[in-house]
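Structures given as structure tokens follow.
Next come two complexes, and both contain chain A; in the first it sits with chain B, in the second with chain C.
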Partner chain A sequence: MHEYKLLFTGTMGAGKTTAIGAVSDSAPLVTDVLNTDASVAKARTTVGLDFGQFTLDNGDRVRLFGTPGQSRFDFLWKILAKNALGLVILADNSRPDPLADLTVYLDGFREELATLPCVVGVGRLDSHASPNLDDYAALLAQRGLVLPLLPVDVRRRDDVVLLIDTLLAQLEAHLYEDENHDDAE
Partner chain B sequence: MTAFTLGVHNLPAAEVVLIKTLMRLFPATATFKWRFAETGPFDAVVTDATNASSEVPAGLARGVLKITRTDAATDADCITRPIRAEQLQEWLALQGELLRLVPRPSVRTESRAVTTQAGGTRFKLRRWPSAALLQNDPQRIRLATLLSRRALAAHELARISRLPAEQCQAFVDSLQQTGLIEVVRVEAAAAKRKPAPSAPVLARPLAGGLIDGIRRRFGL
Partner chain C sequence: MTTLSEASKTRAQNEVQRLLYDVSTVRAVVLATIDGFDIASAMRDELEPARIAAMASSISAISEVVSQEARLGRGKCVTLDTEEGFALVHAVHHPQVPLVVNVIAGKDAILGQITYRVTQLARSLAEI
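Moving on to the complex of A and B:
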């Protein structure tokens, strides 16, 4: 049996715990505490990490980790990203400056993004239309990144599954290129 | 008379919104029939002349209006910022007259030209496509994702995605018409080829089974 890891990151309230719960075999383990950050209207927040998992038909397991949202815990992000299959960055469009929020995670995972499959899911676009997805794409382009960028409602399982499928497509692209390289030699 | 289509290419979002708004406000007359279009090819396109990456790809539009910095306009196809309604309307009216003199090429001809060009090339995304182009369609999103990671020919795209080759080619064509993909010659790609930065934890036999296993798990 093999075990793999997918990582979910994003700001407080972006929906990491909910996203993990949407695809986990069991309710995610959470390490929430009372939120003492008065700037965020949320009673509880994750200070450690969230954990869920799902099992494949061959017995392999995919573990789902949610990072703590606050950037002061960024030392944990790199630890969690080690040997991950992919990274889901969740953006909350209802926050004052979601593009700046995204920048924090792009910086925090800068080294990993050179190889690690990554997708950005933008939540609450229905109620907060600006910035739109094209604004996010422009930000990524300014940083020389072309990452999949999807609207997401983490309460909807299909949306979370699509994020995961997008990570898988990136893995497939890598593998195909590997095969071509070997063929050429 | 069929309305002419106006698109935008690499313009700041605020100016795109402005142009869309103006296009809704311009009254349609017997000699002025224009509408805004999200995807090309267009009859005319507005682009940012101050951005070096804003060169309009061949075949995207027959007329190009460049937006420049204040007092930098140099020709009739150039207007200065801020975009003024009367200037845009005037340019579109003139452009409409010119376009009526030159028949619009058939879509079939344009499509074939792109396909022929694509024969010996691979494509890689420069920037994630607009939501309007992807339409939140999982298949389009998967194709765009593959192209975001690697330069691929349309037939390679079809092989990896297991989608029909015609569908992949059509998607590549639409990306190319909007200037979102970089064309990579196969010879150049082969010369530069080096081991891909594979996802670090995956051995290939494991990876194929894992990907299929996860997709089965979620009914994909």
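Moving on to the complex of A and C:
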């Protein structure tokens, strides 16, 4: 049995806690508190970490960690990213500038993105069509990144599972490349 | 209501300042909202209140879930005992705005004294 640690990050309100809760086998551990930031219409916000886990059909276990979204908690981003095998960045397309939001996490996880598989999930695309996925892809390309981009509704378990499957597929591809590279040497 | 009035913030600042003056081994006192915004602070060292506030909020929230998991009731205080002193993160059960106060003390500090004063401070801040 393998164990995978995956990390969910992204804008405050993008649905990291909801995503983890949607797939976790047991009640997720959450550190939500009263939100006092009047600039964001949200009753509660994560200030520590989220944690959930679920078991794949083959018995492998996936441990899911979520970061706080606000950059004042960036000291936790590094702590939570340790030993992670993949990164999910969630964007909220209803925000004033979702591409600028994404940039915060691309910068904040620059070192991790150099080595870890990553997938970007874009929420609320149905109600807010702009920017579209091509705009996201263009932003990533400017930074030399080619990452899977998926429209998601994190309240739907299937959408979150798809994000995780996409990440695990990349992870297996990385492992395959590493093995082939070792064989070639 | 999720914010303190300006008058309450002034009273909080006075309380925080008083602890720093009264106890010479205290290096910094930061009062923060439970989601990590500093609202009053007093410092002897060059520390960033905004960062301390965010960290205090995280420590408090994580300790709260540990407390719940262990069925130990509502969290009150977390003590970090380090080579160079102590950091105490104490919940402030204000009826309108849940707060957290972080006190950093040097290595000459007496933990019992600091704990006693921080508990008193948290009680006073809960009534502002």
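Operating definition for what follows: the second predicted complex is superposed on the first by the 171 of 185 C-alpha atoms of A that agree within 3 Å, B and C clash if a C-alpha of one lies under 4 Å from a C-alpha of the other, contacts with A are read in each partner's own complex, and residues count from 1 in each chain.
In the analysis below, contacts are C-beta pairs under 8 Å (C-beta built on N, C-alpha and C of every residue); 3 or more make two chains touch, one makes a residue touch a chain.
Everything numeric here is computed off the predicted structure, so don't read it as measured data.
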_First, second, both or neither for A:Ala173, with chain B first and chain C second_ = first
*asked:* On the A-aligned overlay, A:Val62 touches which partner chain: chain B = first, chain C = second, or both, or neither?
replied: first
*asked:* Contact-wise, after the overlay, does A:Ala100 reach chain B, chain C, both or neither (first, second, both, neither)?
replied: neither
_Just to be sure I read the superposition right, which of the two partners does A:Leu149 touch: chain B = first, chain C = second, or both, or neither?_
first
_Residue contacts with chain A in the superposition, chain B compared against chain C_ = B
_Applying the document's definition of touch, where does A:Thr31 land relative to chain B and chain C: first, second, both, or neither?_
second
*Of the partners chain B and chain C, which touch A:Phe75 in the superposed model: first, second, both, neither?*
second
*Contact residues common to both interfaces of chain A (with chain B and with chain C)*: none
_Residues of chain A touching chain B in the complex_ = 2, 4, 23, 54, 56-58, 60, 62, 83-86, 114-117, 119, 131-138, 140-141, 146-151, 161-162, 164-166, 168-181, 184
_Touch list for chain C against partner chain A, complex_ = 2-3, 33-37, 50-51, 53-55, 57-58, 61-62, 64-65, 69, 97-98
*asked:* So in the complex, the part of chain A that touches chain C is made up of which residues?
replied: 29-38, 45, 47-49, 68, 70, 72-73, 75-76
*Complex contact set, residues of chain B against chain A*: 13, 16, 125-131, 136, 138, 141-142, 144-146, 148-150, 152, 156, 159-161, 190, 193-202, 204, 206-211, 213-218, 220
